[in-house]
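First comes the structure, then the notes that go with it.
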Amino acid sequence: MNTATLLISCPDQKGLVATISNFLYTHGANILHADQHQDNDVGMFFMRVEWDLDGFELAEEALRDQFAPIAERFQMRWRLHYSAVKPKMAIFVSRYLHCLADLLYRHQIGELACAIPLIVSNHEDARALAEFHGVEFRHMPVNAATKGEVEREQVALLKERGVDVVILARYMQVLASSFVEAFEGRIINVHHSFLPAFSGARPYQAAFQRGVKLIGATSHYVTEVLDDGPIIEQDVVRISHRDQVSDLVQKGRDLERIVLSRAVKWHLEHRILRYANKTVVFD
Amino acid sequence: MNTATLLISCPDQKGLVATISNFLYTHGANILHADQHQDNDVGMFFMRVEWDLDGFELAEEALRDQFAPIAERFQMRWRLHYSAVKPKMAIFVSRYLHCLADLLYRHQIGELACAIPLIVSNHEDARALAEFHGVEFRHMPVNAATKGEVEREQVALLKERGVDVVILARYMQVLASSFVEAFEGRIINVHHSFLPAFSGARPYQAAFQRGVKLIGATSHYVTEVLDDGPIIEQDVVRISHRDQVSDLVQKGRDLERIVLSRAVKWHLEHRILRYANKTVVFD
Amino acid sequence: MNTATLLISCPDQKGLVATISNFLYTHGANILHADQHQDNDVGMFFMRVEWDLDGFELAEEALRDQFAPIAERFQMRWRLHYSAVKPKMAIFVSRYLHCLADLLYRHQIGELACAIPLIVSNHEDARALAEFHGVEFRHMPVNAATKGEVEREQVALLKERGVDVVILARYMQVLASSFVEAFEGRIINVHHSFLPAFSGARPYQAAFQRGVKLIGATSHYVTEVLDDGPIIEQDVVRISHRDQVSDLVQKGRDLERIVLSRAVKWHLEHRILRYANKTVVFD
Amino acid sequence: MNTATLLISCPDQKGLVATISNFLYTHGANILHADQHQDNDVGMFFMRVEWDLDGFELAEEALRDQFAPIAERFQMRWRLHYSAVKPKMAIFVSRYLHCLADLLYRHQIGELACAIPLIVSNHEDARALAEFHGVEFRHMPVNAATKGEVEREQVALLKERGVDVVILARYMQVLASSFVEAFEGRIINVHHSFLPAFSGARPYQAAFQRGVKLIGATSHYVTEVLDDGPIIEQDVVRISHRDQVSDLVQKGRDLERIVLSRAVKWHLEHRILRYANKTVVFD
């Protein structure tokens, strides 16, 4: 089924839903899913609506033209996505391959609605896995002296390939702000702690030292401040005094895979709206 | 804030959201929460919309009159609730008082939007707790010979007090179908297992015998078939080989309280729609 | 059944279990539960063993005398508890009563193996609940000028009543180090966040601001550093963008009750050993 | 580190721990982990003890000879495992490859202490994955007429390869009792429901029909009764009215992988004892 999805955020006011739903109804939309949210504290309105294109009378350009005045009237920020247009996703990885292997497998069986044209790594470890899945692998080693130059090459490469979203699947390099800006709101990272606890390096060791009884993982959009971007998903697993750091690492791998893959899936299905360094995730 | 809530279920078709939201907008509704769901398999549409009555121009009667033709056109089943009208809730209990104590405490601190005019029990154990919370307590013992007569008295008493919803908070009697019919869709039970596993008597013993690794609890609407009504909420807790039946009973108490209180809260907030022996729970 | 429980921590070495189990066996102990843990990193050994006193040939004094040389040989820190001796627990509370109400109810139905001789509060709110449960209530208001003096009175009162353990059930005062020292290792607090995230004041507001997808609660032993003591138990619950701060507060209440009551129960059952600012909790 | 692990179950009686720990201590064992459990209802004792072989003075044969009289005296059922001897694990799979892919990846990164000499399938789908991981793949199609003959070949093949444990990783054939008997207590299956709910075919459809609010998965030892063997591990995930059967299938895949891999790991680490159609799982 070919569908279109409209994502809207704007100041809340009366008549928003009526206006949007009238517009879609008038043009023959058969709505499949609609969800909305008002944050009454900050006076914001958020909506996601997905409809069947079969029987819908507006092509993309006409839709954009005719919706623009409505959007302007309500000061909307809005995005329109067509299910027929698969986003292109690049995956960055270092030496821990569990998240990469998981994403590739999910893609293979159809869980992730995207193309994966490229895997980038500062190590060679992921090459065999990339080749098994038929994805181009680029080994781009980084050191303190070359980091700026390599990142410029990476951004150029991503743009050349038309990449829409970048997944940091345990990529152990902090991206410079120029990279982050080039893909603002389109870089997703997984951090191996329950943020904001244990941000930064070696979170499992820190969790072990503190003696917590649950460990967590967090997927979030990358911003210029390390581990501080809008959180998309988190989950935890119980540990006990019997668990050493190596047990935490192992239990954490399962968390990381699940927490990252949910974020990727929701992003690809255009379920996420960002505001105030937070996310609205429509289910 | 005074609000109205409209709950709708009907065959899905184009124009539903547009029509409903136009109707509300036209009469000045400031929508606070709206949620909807389509079950594309069975072709059904479900909606819950809550709006601020401040600035809304229709009084209840006018609203009912003017919405009726819309409802008829779309073959809607619909209910309208005003937050100013608190539902009246009766609680039935036997000798285990943890769910009763929990509901009374939640009511006391304002978690449950209802009045509690009555506690009914086939034992005396709950009397002190009822009195501490200033709720009328009725001791109505039951045996095989008197059960039919006592249930008729109970239904009469509930109707006399204008009770809207009946909570079976570990009430260890199976209600006859005449009682169930009298409060159809308005009796909530908690069963101390993860239904449909271990329905019927002594579920903790059965779970222990089977050697499960998680135990659960289920809140559901009561129908004429025991433990078979639409499920509202379920939760589980991990157990291990170290747990004996008495440990299961103890861990289960926490589950039962949480699972029942969520169901009660959602019912009182008019968040639940029933269809096909299932529930839609709008969050 | 009357039982004794021995809790041991010492440097790990060969022969520990053999020596301890021989000692108990020689004197006729029927062991009911035994659990042990080695932290191979720090080279420490921990053990909890509980046995039936029926048929055990040593009275308490003889047991202490005869076990002392073994303890000395292995440099053990050890504690001995008899189930017949119920610990005395005082509860401190301010204006939020959900944890207090929960602990009193659990005590009433036999979940907590202790006596509760005293409830202390800086407000009057808890008086009715204390009286309903027949527990002495002491209203001891605190302000900046009187805090030191009031705490001295509180310590004196606790000692006079022979209190063994102090529970801070949402007591909104930071205890001075003199108080903490007087009950070192015997004060349990509940903090309404997933520590170490959101320590200090207003954690639900902080969690809301950060946009986390799970909120937590933590029970821990109180040390001189605020919210930094050894963690006993933690749990979390999922939230979404729909949850406002008031929803977090409400969902958090259920977490706090469960996380605190587990810690209290385990402490009273002598299941917890502390080391390196962490806890070993034997299940 | 080379270790030995002893697993014991026997009628409970005084002196068991003293005798076992003395035996090990006398021969120089440095105990790394020890755990025990008494089921006081049925009067059974269970123990798992693992020790460092460095400094231990008995070789395997001598150990078996000298421990045998102790075992006889206490009517023990016991097993002895050496970490240096890796179990051989065969994986059976049909067309859903998520559990297979997961187990192979975990094996590759060292999570699973075993060799995987063989993958057997009634379909060709798994061949590429098997080859990527360098594991022999045997396509053994089955139909009603050939099933008995094929199973005999499978048992013969497994024995020829010295296979110790067989994992049914979504293998969609019910094994005959002759197969089950040949590997009694050494066949692990994953069932895609929270057993005992929804045993048998199409559990996700059944869960959807019943309207449960959580779905589960269960790993268990295979016995002659379908889906009735001793449960090793279970877990659940929350669903809502928004989830269709296809969503349940997708969410369930993550559960199945985790629940099966934990069972496999624990089995390979000799943490599981079976009794009374249940399991003791030492952590």
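So that you can tell them apart, the chains are marked A, B, C and D in the order they are listed, and the count of residues begins at 1 in each.
Just so we're on the same page, a residue touches a chain if its C-beta (ideal position, glycine included) is under 8 Å from a C-beta of that chain, and two chains touch if they have at least 3 such contacts.
Here the structure is a predicted model, which means the values were calculated and not measured.
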item	value
Touching both chain A and chain D (chains)	B, C
Centroid comparison with chain A (C-alpha atoms), farthest chain	C
Magnitude of the superposing rotation for chain B and chain C (Cα, nearest 5°)	180
Pair of chains joined by more contacts [C-beta pairs], B-D or C-D	B-D
Gap in Å, rounded to a whole number, between the CA centres of chain D and chain C	37
Chain centre separation (chain B, chain D; CA means) in Å	42
Sequence positions of chain B contacting 2 or more other chains	40, 240, 242
Of chain D, residues touching chain C in the complex	14-15, 17-18, 21-22, 24-25, 28-36, 38, 40, 238
In the complex, chain B residues that touch chain C	97-98, 101, 105, 109, 111, 132, 240, 242, 250, 254, 258, 283
Residue ranges of chain B touching chain D (in the complex, touch as defined)	37, 39-41, 194-198, 210-214, 216, 230-236, 240-242, 244, 276-281
